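The same chain A turns up in both complexes below, where it pairs with chain B and then with chain C.
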Partner chain A sequence: MTHIVVDPVTRIEGHLRIEAEVDGGKVANAWSSSTMFRGIEIILQGRDPRDAWAFTQRICGVCTTVHAIASIRAVEDAIGAKPPPNARLLRNLIIAAQCIQDHVIHFYHLHALDWVDIVSALEADPKATSDLAMSISDWGKSSATYFKGIQDRVKSLVERGQLGPFANAYWGHPAYKLPPEANLMAVAHYLEALDWQREFIKMHAILGGKNPHLQSFLVGGMATPVDPNHQASLNIHTIAQFKKLIAGAQEFVSKVYIPDLLAVASFYKDWAGIGAGTGNYMVFGEYPLSDEADPEKFLPSGIIRNRDLSKVEDFDPSKITEAIKHSWYEYDGGDDQTLHPSQGQTKPTYTGPEPPYERLNTDGKYSWLKSPRYDGVPMEVGPLARMLVAYARGHEQVKGLVDAVLGKLEVGPAALFSTLGRVAARGIETKILVDKIGDFTDELAANMGKGELRIHDNSKWEPASWPKDSMGAGFHEAPRGSLSHWVHVKDGKIARYQCVVPSTWNAGPRDEGETPGPYEAALLGTPIANPEQPIEILRTVHSFDPCMACGVHVVDTGGREVTRVKVR
Partner chain B sequence: MNDRIPVLVLGLGNVVCTDDGAGIAAIHKLIREYDLPEGVLAVDGGTLGLSLLPLVDSADQVILVDAVSAEGPPGTLVRIEGDDVAPAVYERLSPHQIGVADLLAGASLLDRYPDRVVILGVVPDSIDLGTERTPPVEASIPELVERVVQELTSLGYPPVRSENHDEANDSYAHLARTLGV
Partner chain C sequence: MGKLQSDFRRELAARGVSRREFMGFCSAMAVAFGLPKGATAMIAEAIENNPKPTLVWLNYQDCAGNTESFLRASKPTAAEVILDLISIDYHEVIMAAAGHQAEANLRAVVENQKGKYIAVVEGSIPTGANGAYCTVGGRAAIDIAREVCGNAAATIAAGTCATFGGIPAASPNPTGALGVGDAVPGIKKLINLSACPMNAQNMTATLVYYLTYGDWPALDKLNRPLFAYGKSIHDACERRSHYNSGQFVEQWGDEAHREGQCLYKMGCKGPVTFQNCPNVGWNDNTSWPIACGHGCIGCAEPDFWDKMTPFYAHIPGFPGFGKGSNIDKVGFWATIGVTTAFAGHTLVHLGKKRMQSGKDTPADPNVNPKGGEA
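This part shows the complex of A and B:
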């Protein structure tokens, strides 16, 4: 039995540690630990609920919009504010744009290097790379000269020792299966994606008042004026700008992302049998299509258990609980108690070893994450859950695209329950969203056309108009999965605030019944070729797109970039 | 939006992690107390990573204002420049793996690294949870702002102390007040 520690897991947001036992070349047991405390809940107590989003937005540098959205929805639910149709559309635009950008960055900049060997790309024949690229897509940048230029650029980086984000990986590992030409093509698209995302995210700059943190959120609506004829508002020119950015996104996703995904996946089909995990999937649903109390959503909510796609249960928020038996928290009712988030408590009590340490005591408490459960069982959240629930509910576009991808790869639906399934689902969702986001733009334009310019419900702005004591919940499908904020508003102030974030659902530790969380379950059985270089662990963990959301980043003038992998 | 930014002053850090928010506190103080000359853009970058790329790769000169782990007691001011910038952001074991390092690496990979990047920082005492800076760090923020002003002046962009802060023209005013920075 070999014990492996990967700490920190790189190319993620925040601090994640994985400990695993390897037996006979496979992971026999795994523990996922977040080693940083996130306690935004404590900071919010006693504050004006209308300000909460500005703080929750700072939980995380990667998904600033998502905590703002969940927060304003929770507070609106508590005080009874009803955002007008334009606010719903503006939020849908912000959410979809965030998800599209995030998924592309994840595929190319956070996850690709687990599958793509940069060093091998240096040996590629640019002409053969060009032939390969042209055989899978009619994307313009595909000449031999172009790929030669990319290769020279990477070569010069390697020679100067300035690998930057390409440093610190397991180049040459036998688990890399792509031929040099596919590697070079992927490197070229890594750079193109970097450039593309910087263009596309101008959607947010337009929607959010030019500042990099969107400042247009407002409890009861949005703060961005909508007026077709006014220069400082979202107007007809804005709509034209959106359309241009969306057209660019559609082209990039259809001609670069999806063909790359299929090309890479075809070399790694064994990963369709690895990394399944719990087999339970939860989706809150997203993109409300109307302004009623319980609107239809473009991506539907639902629960799937035990990989059974023939049954989708309706989601019931009262069935969420959080356990802390293996988390560095205490509850008034003791370690075996589980609490609904509306009654949640955040009382940190660190009992782990003094850092630096070799091993966590995984029999006791070992993570700063709680263990969220739905009806007592762990649930995977994220793009795979969303695509599975939509597929099982017969969502036309999702069904068509999922079946097309499965057909191209010549695998059955069971392949979806895997590491590769997670990677594919993220790409499929991106395509679904770039095709949908234009509808939100059109609806906004139509509203402008008929003089529907309202963006905010003022009737519930003053605290005097609120109930004296009320609870609210805000549900949101963030890029990484189901996010909920829970707020208790009393006498105009926040009495209690709880966030249950996607990576807590996925990366949380064992619960009070010792059932492992989704990461821990997904790692079981993962083959490990070389315990010193456990790239296979990174593949599965990265496939969830971890975001540990601590957002701390002190520059260290004396530190070194190292990921410690300890093997014993 | 594709226009060049002659000088970008970018505050970095997390305002809910005590001293990690020093750079953000400094940037808002700068915006509040000075009229910045044309050509200078001051931005609260928070802990955003690649979303800041459009700003950084459009800038000729960049001044990063941040918390910096370095020699010296908490509150010590630090200036990092030239060849020392890359190691300071690359060679670190940071929980924020897709933050500043990847931002600068991204600009570099796209061949759009700014002509000059300077980090003006302050040594933190604590980066624990909290919306206020520790006393030694809070006390050094006026001087950190002063250093930014000097840096801008030496670049030929002298800020002028503003007598009457016009909140109507400051899109950050409400946010800064809410966050207490």
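This part shows the complex of A and C:
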């Protein structure tokens, strides 16, 4: 039995540590630990709930919109604010743009190097690379000269010994299966994607003033005025800018991302049988299509258990609980207790080894993440869950694309429950969204045309208009999965705040019944060719797209008063 | 043409960056520094002829927002060349290596390039729980930061968390979080690039300045480069004329809001915030928060999560505010008012910080907000 520690797990947001036992060339046991804690919910105590979005937004700068969205929805739920139609559309645009950009960055910049060997690209024949590229896509940049230029550039990095961020990785590992030409093509697209994401995210700069950390969210609506006749508002010029950026995204996703995904996946089909994990999937649903109380959503909510696509249960928020037996927190009722987030209670109590340490005590508490459960069982959340629920519910576009991808790779639906399934689902979702986001733009333009310019529910802006004591919940599908914020507003201030986050669902430790979380379950049975270079662990963990700063949160029920100068 | 210069030109060509684009970039940088026209050629020459310095980027109590901001360094594409001009040997968010191999990369820089490399820190550093609130490879963040920043030629604190403690240090600072200057006293050269996140433009400009002059830009008393933090948002704001004319947004989405009038009454903190947002904008100068319709939240200032909140409360009221009054005077009194309020708070907060961070951590004598000089 070999004990492996991967810390830091790189190419993720935040601080993640994986410990694993390898027996007979396979992972026999795995522990996922988050090693950073800030206490943002403690900091929120006693503050103005209209400010909460800006605080929670800083939980993460990668998925920089998600905690702001969940927060304003939670506070609106608590105080009864009703955002007008334009606010819904602006939010849908922001959410979809975030998801598209985030997925592309994940594929190329956070995940690709687990599958693509940069050093092998040096051996590629540029002409053959060009032929390969042209055989899978009519993307413009595909000449032999172009690929030769990229190859020379990599060569000069290697020759000068200045590999920078690419130094000392697992290059040459036998688990890399792509031919040199596919590697070279992927390296070229890694660099192109770096440029593309910078350009596409101007969507967010227009809608939120800047990215990261957009600044146009408001409880009750959005702060971006809409008026076709004013230069300082979102106007018809803005609509044209959106259309241009969206067209660029459609082209990049259809001609670069999806073909690359299929090409890479075709060499790694064995990974369709690895990394399944819990087999339970949860989705809250996203992209409200109307302004009613319980609107239809473009991507539907639902629960799938035990990989059974023939049954989708409706999601019931009352079934969420959190355990802390293996987390560095305490509950008043003891470590075996589990609590619903609206009653959530947490006192951070570090009981791990004093740093510097070599090993965590995994029999005891070993993570800053809690263990969220739905109806007592772990749930995987994220693009795979969303695509599975939509597929099982008969969503037309999702079904069409999933079937097309499975057909192309010559595998059945069971292949989706895997590391490779997660990678594919993320690509499929990106394609679905670049094709959908234009509808939100058109609807916004139509509203401008008919003089519907409202962006905010002013009737609930002043705290005097709020209930004295109320609770609210906000649900959102972040790129990495289902996110919920829970807020208790009392006398115009935050009395309690809690976030139950995608990476907590996926990366959380064992629960009070010793059932492993989704990462831990997915790693079981993963083949490890060389324990000194556990690239296989990275593949499965990265397939979830970890976002650890998001995952760590804490609530203080003590109602601690915040000492601050009131500037009013 | 020297060897490095021809290497560099080849590299530019390989990246599809034309000479013209590169010169355009250098000229933008000259403007950012407020340098005369001839400086463009000087910047270009320095960038082409100096060897690539090594940079290591440390992430602690962070959200990776500054990393993401850095990745958005805007066109001309030559800005991206900065990524190539600097050899980034350690950066957990983008590096290929993981675990022991990643740690070895960092160790190699500290050992082999002692006193020569640049360290960037993103995120605050917790001092509570013996360092257990943030560990990397089993080591406490503060331990690693002491070693890595202590041996660097210079340390750049990227973003308000690394600069002033930021959100983790907001009251009641549950983890005893500090900015890098407070957590690791005695750093050889500290450059603070505050804002949440920092603007990529200011990071690239700072690095280009270093590549050009072999030295760092002039700093204010909070260690922030004057070229980026020398002026208040309010002074350079495109909506300043509305403020001067007493034209204010009263409700989100009203006619004044749609026309782009002043957001002062909606809580804008531009008058007490020092940064160059109005000049350089965000995301390739596509927009910036006030242009987008929301007030400034003061994110470049120390302790803004405590001092600038509630975000929607306008900075202190004063007699005679409104149309017809002498607005320049009004603006002056508003600033004085908020400064006084902050100064009081600063004392409370400093005391608290001292308590939470333990005896051996000196309080920063410079915590007084820059707004105090307005």
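What to note about this one:
Keep this in mind: the second predicted complex is superposed on the first by the 544 of 568 C-alpha atoms of A that agree within 3 Å, B and C clash if a C-alpha of one lies under 4 Å from a C-alpha of the other, contacts with A are read in each partner's own complex, and residues count from 1 in each chain.
The rule is short, and it goes like this: a contact is a pair of C-beta atoms (placed from the backbone, for glycine too) under 8 Å apart; a residue touches a chain by one contact, two chains touch by 3 or more.
This structure is a prediction, so every number in the text was calculated from the model and none was measured.
Contact with both chain B and chain C is seen for A:H15 once the two complexes are overlaid on the shared chain.
Residue contacts after overlaying the shared chain place A:G24 against neither chain B nor chain C. When the two complexes are overlaid on their common chain A, residue A:G140 makes contact with neither chain B nor chain C. Comparing chain B with chain C, the partner in contact with more residues of chain A is C.
Of the two partner chains, chain B and chain C are each touched by A:H213.
Of the two partner chains placed by the overlay, neither chain B nor chain C lies in contact with A:G451.
With both structures placed on the common chain, the touch criterion links A:K202 to chain B and to chain C.
Shared-chain residue A:R58: touches chain B and chain C both. Residues 8, 10-15, 36-40, 42-43, 51, 54-55, 58-62, 64, 109, 153, 162, 164-165, 167, 194-195, 197-198, 201-202, 204-205, 209-213, 215, 554, 560, 562 of chain A lie at the contact with chain B in one complex and at the contact with chain C in the other.
Those residues of chain A whose C-beta lies close enough to touch chain B in the complex are 8, 10-15, 36-40, 42-43, 51, 54-55, 58-62, 64, 105, 109-110, 153, 157, 162, 164-165, 167, 191, 194-195, 197-199, 201-202, 204-205, 209-213, 215, 548, 550-562. Chain C meets chain A in the complex at residues 7, 10-11, 13-16, 52, 59-69, 71-75, 77, 80, 87-89, 91-99, 101-105, 126, 129-140, 143, 166-168, 170-172, 174-175, 177, 196-197, 251-253, 257-260, 282-284, 286-294, 297, 305-313, 315-316, 338, 341-342, 344-345, 348, 352. Only residues 1, 12-17, 20, 43-55, 57, 66-71, 78, 80, 84, 86-102, 105-106, 108-111, 119, 121, 124, 127, 129-131, 171-172, 175, 178-179 of chain B touch chain A when the two sit together in their complex. Residues of chain A that touch chain C in their complex: 5-15, 17, 35-40, 42-43, 47-48, 50-51, 54-55, 58-62, 64, 109, 113, 118, 149-150, 152-153, 156, 162, 164-170, 194-195, 197-198, 201-202, 204-213, 215-216, 218, 220-221, 223-227, 230-233, 348, 350, 352-358, 453-456, 458, 461, 533-534, 538, 549, 554, 560, 562-568.
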